[in-house]
Amino acid sequence: MVDLITSSGIWFGALLNIFIWSLVFKENRFYRFAEYMFIALSAAHFSVLGVKSILTTGWIPLSTGKISYIIPFILGFLLYARFWDNWRWLSNWPIAILVGVGLGLGIRGAVDVSIIGQIKSTMTLAVFKNPVQAGNNILFVIILISVIAYFLFTFALKGPVGRGYYYLTRLGRLALMAGFGIALGSTVAVRLSLFISQWIFLIRDFLRIV
Amino acid sequence: MTMKKNTVLKDWLRARATIILQIFLCLSVALPIIKPIGLPVPISTYTKGVYEIVESIEPGSIVLFTNDVSAGGWGEMASPTIAVMQHLFRRPVKIVFVDFFEDSPILTEIALNKVDKDDKVYGVDYVHLGFIPGYEMAIAMFAKSIWTAFPADYHGTALNELPLMANLKDASDFDIQIETQTVPAVPTSFMLQHIHSPYNVPLVVLSTAVSSPGLMPYLASGDISGITIGVKGGAEYEILIKTPGSGAATMDAMSTSHLLLITVLIIGNVFYFIKKYRRP
Amino acid sequence: MMYLAFIKSKQIPLAITVIITIFMLLEYYYPEPIVKNISKDIRDWSVIIAAFALGLGAANLLRVHSQNIQRRTKDIWPFSILLIFTLLLFFGIGVIFGIEHPAYNWLYVNGYLILYSAVFSLISFYVITSFYRAMSVRSLESGLLIVCAIFSMFRNTPAVISIFPYLDTIGSWLLDVPNAGVERAAIITTAIGVIAFSLRVLLGRERAQLGE
């Protein structure tokens, strides 16, 4: 019985995999079947976890005496008011709370970790230790400044300063291209590793060739 | 006649270049899986660094393992996640598993079922708390008060019934954090802001290949103590802990498929320059 | 009527956003007990509201696809039936039996996990054709991009770097120095952008979250 359940699962998964890959030839009903199933499973899984989290993080404290937790329950239900035109305005209140918390936490993180932390680390780079490390650090700082200069669109500089600034931004553009190249190589590695994992599933588990 | 045949062949190949390349790609992946070659896998300094960090965790320490892997990234991240988990279970440390992304709780359970737990007891040596929604809000809530974020664990057991959780109140009670990072919704900067920075918990990241370039500034600044990169990092880690798994199985195919892509890229550019500079 | 119009207006949600953002910032920069307690409650409530938000996608799908079935939208309505059936089945199993139930795990592992990986791996087919047709060295910038991509790909080719270790050294250097400089600049400029966007939301100039 367990073998039947396992092998039916493998057949189901393999067929869905082949249906998705059939898009390479052309769009067809098998691909659509798998696509709609994927959307349904994804939405259902998120909803199930939502229900579980409401019960764990919300209902347990409410049932043990924290009456104030009724407020997020009411606000949570108000989110679904957006499906009725006349009551859509009610859903703006819980969204406003989520946006407010997200903004507050986001600003804190942006200032503390992303700006101050990164600038502090840049300013404490060693340039008087071994020459290779010093060279790397100097190049690092030049690239950092040139890329930041490239993203500055607030004003235009003219004259000799403007010309120098233009060459700085050109260096920034080249550095950005190098960064994009590395990102491209990394993205290829990710996609190929997922591609390979699907082939391993098909060859070892489904076709049982190895 | 021969020239006409060559032109017909060239046109035929040109029209079918896409499908021919895709067949080559499938063969470059399938053949090494069917017949493994056993190509060598050198260990990178990044993976070695993470291995040494885990190996040097003090006995009795409490490790926070945050799993933020998406189902789409599991094919790549299963290997480093399971390998590092296995290494942790072999060490005399206690582990708390938490998930901040929707796909992660079941993947954490799948990984826990695959590792050899080496006589470690659930509730005493390790606990899986489960998933909490809200991404950054959830991490902030968890860091400030674990018991408020999780009144019960993944299996529904109240936290006061789990001996490991008795003295864990907030993020400062953890000695090190290991994060698997795949999704943009839960970036490492959230962990840095809410757990690493305020509570001085060292952070090690098991990253996908695509996220790793963005994490290099944090590694350079010392905010992140160590990083493994993608399935190759996982394969290297499996070799270091002498437990080959799914990562090592993909390495032959990774080598052959990458070589094919690099060759196609170079050949494509050669044809481009020939066409560009051919006399009319 | 005036009061009702005011309650329905966008001013109240904007005010809520501003007040809560101020409390979140005050908690960090001015951690007095009363501020901390109010911020803690707001944050804890927001997690529960976020849990409710997880069901919005499914609710919207049910609404849209039941309309497709009602209207018998050509070529779509049979798939809409499939979607609604699968959604309700998976949701029902998860809520009634729990996510640890074997049936839920069966659908998750053999359906959701496989489909997700298959969709993401589909791009590999198009990567190889784009490498052949589109990735040509047309300028200094594109040449630099392709050269760096090649070195980055060599880093993920263990067989080659075991024979030519300097390829891994060059790839690692590219990752550690130029890439780290570019990414740090991106982190700083993105953070400035986040602060600017937050200010726009707080001043009421950005109202996308209110459906405008």
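Lettered A, B and C in written order, each chain numbered from 1.
Going forward, contacts are C-beta pairs under 8 Å (C-beta built on N, C-alpha and C of every residue); 3 or more make two chains touch, one makes a residue touch a chain.
Keep in mind that what you see is a predicted model, and the values were worked out from it rather than measured.
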For chain A, which other chain has the most distant CA centre?
B
One chain's C-alpha mean falls closest to the whole-protein C-alpha mean, and that chain is A
Distance between chain centroids, defined by C-alpha means - chain A, chain C (Å)
4
What's the distance between the Cα centroids of chain B and chain C, rounded to whole Å?
18
Sites on chain C at which at least two other chains make contact:
43-44, 46-47, 50-51, 53-54, 99, 108-109, 112-113, 116-117, 119-121, 124-125, 127, 146, 149-150, 153, 155-156, 175-176, 179-180, 183-184, 186-187
Sequence positions of chain B contacting 2 or more other chains:
22, 72-73, 75, 102-103, 105, 132-133, 137, 140, 148-149, 189, 209, 212-213, 217, 220, 230, 232, 254, 258, 261
Which residues does chain A have that touch at least 2 chains other than itself?
24, 45-46, 49-50, 52-53, 57, 98, 101, 105-106, 108, 114, 118, 140, 179, 182, 186, 188-189, 192, 194-195, 197-198
Enumerate the contact residues on chain A facing chain B in the complex.
24, 45-46, 49-50, 52-53, 56-57, 60-61, 98, 101-102, 105-106, 108-109, 112-114, 117-118, 120-121, 140, 179, 182-183, 186-190, 192-200, 203-204, 209-210
Looking at the complex, which residues from chain B come into contact with chain C?
17-18, 21-22, 24-25, 39-42, 44-45, 70-75, 102-103, 105-106, 109-110, 132-135, 137-138, 140-141, 144-145, 148-149, 155, 189, 209, 212-214, 216-217, 219-220, 230, 232, 235, 251-252, 254-256, 258-262, 264-269, 272-273
Touching residues (chain side chain B, partner chain A) in the complex:
22, 26, 29-30, 33-34, 72-73, 75-76, 78, 102-103, 105, 130-133, 136-137, 140, 148-152, 156, 189-190, 192-193, 197, 208-210, 212-213, 217, 220-223, 230-232, 246, 249-250, 253-254, 257-258, 261
Within the complex, chain B is touched by chain C residues 40, 43-44, 46-47, 50-51, 53-54, 99-100, 105, 108-109, 112-113, 116-117, 119-121, 124-125, 127-129, 131-133, 135-137, 146, 149-150, 153-162, 165, 168, 172, 175-176, 179-180, 183-184, 186-187
Which part of chain A faces chain C closely enough to touch in the complex?
5, 9-10, 12-14, 16-17, 20-21, 23-24, 32-34, 36-54, 57-58, 68-69, 71-73, 75-77, 79-80, 82-83, 88-89, 92-101, 103-108, 110-111, 114-115, 118-119, 122, 136, 139-144, 147-148, 151, 172-182, 184-186, 188-189, 191-192, 194-195, 197-198, 201
